[in-house]
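Per-chain residue numbering starts at 1, and chain names A, B, C and D are given in the order in which the chains are listed.
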């Protein structure tokens, strides 16, 4: 079953990423309130930058874990090529790690 | 009152950014569920990329509106210099527009 | 003559940006030699990251100078709107400051 | 000899990356002349964006080739872990693919 992710092999990382995503979601709720309340633009930009930072770190940790498990398994089973291509195709759309 | 943002001068943009932020927050909730459910890493990465895209467009529209209003007013009143410096300092931390 | 840039109003910044661009070009020459000589991939990636860093800082300083001069002049003459739109359109294509 | 890069295993890609880096260097020379000649800031920004685009594509192709060869070899020899960590550490500093 290749479409199962790698995070079940790293429960600690899984918990950590889940917390990061929830923190980012909490920031976004706050950003929504700032927009509603006509907060100062630069203060909103700083909050958006904070969320971007969290998402970048989350994506990086996830891509690394994916390489450590899914890509590694695929290489060990002799079909690493397509997994590697798939990963870098996805990384292209990530704005930043 | 310089710390009021520019969005009250652009109610349509304000509504639009608010919707974008809520869509991004909805995506993040979905990403949290994907992580919990051991979804495939590359599928999660694509969702994170989608949120990064929305946040980038939100930040860009906000920075442009800020320039169109707050920075412009500051320039008209003769103290544009500090507003411009403040804006570009904030842009430095945004990962991407 | 609107198509003249802002750097002639800031000779010190102009010299500084020119030096940065030349340093970046020197790095690129080195990167070319590394590729020719089969240098280690990660070492090449680090050099590319260094050039990206220089270019990002150059772009940011230039965009800020542009705002301080060209955009400000346009605002003072009452046609800031189009200049601001033009700037943010260009910033969209910059990968990172 | 682990510090040899992967590009000697992909001569076509090697030639291609070398050409890209030379094109980027040519652009930088042009950007230097634009700065010297007080070219319009937004035109310079567009050229910088073009170079950033080339460098991003070069870095991405190189990182993918590195994974396809150096990282794969390391995994096959049982020490993939450190290679993967090294790669993602380097990717952190790349501004954008």
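Note that in this section contacts are C-beta pairs under 8 Å (C-beta built on N, C-alpha and C of every residue); 3 or more make two chains touch, one makes a residue touch a chain.
Only a predicted model underlies this, so the values are computations on that prediction, with no experimental measurement involved.
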Approximate Å spacing (C-alpha centroids) for the pair subunit C, subunit D: 18
Centroid distance [mean C-alpha coordinates] between subunit D and subunit B, Å: 29
Per-residue overlap in subunit C, given as positions that touch at least 2 other chains: 63, 87, 91, 94-96
Chain contact graph, described as a line, ring, star, complete graph or other shape: ring
Inter-chain touch pairs (all): A-B, A-D, B-C, C-D
Residues of subunit A defined as touching subunit D within the complex: 60, 63-64, 67-68, 71-72, 75-76, 80-81, 84-85, 87-88, 91-92, 94-97
Of subunit D, residues touching subunit C in the complex: 2-8, 14, 17-18, 21-22, 24-25, 28-29, 31-32, 35-36, 38-46, 48-49, 51-53, 55-56, 58-59, 62-63, 65-66, 70, 86-87, 90-91, 93-96
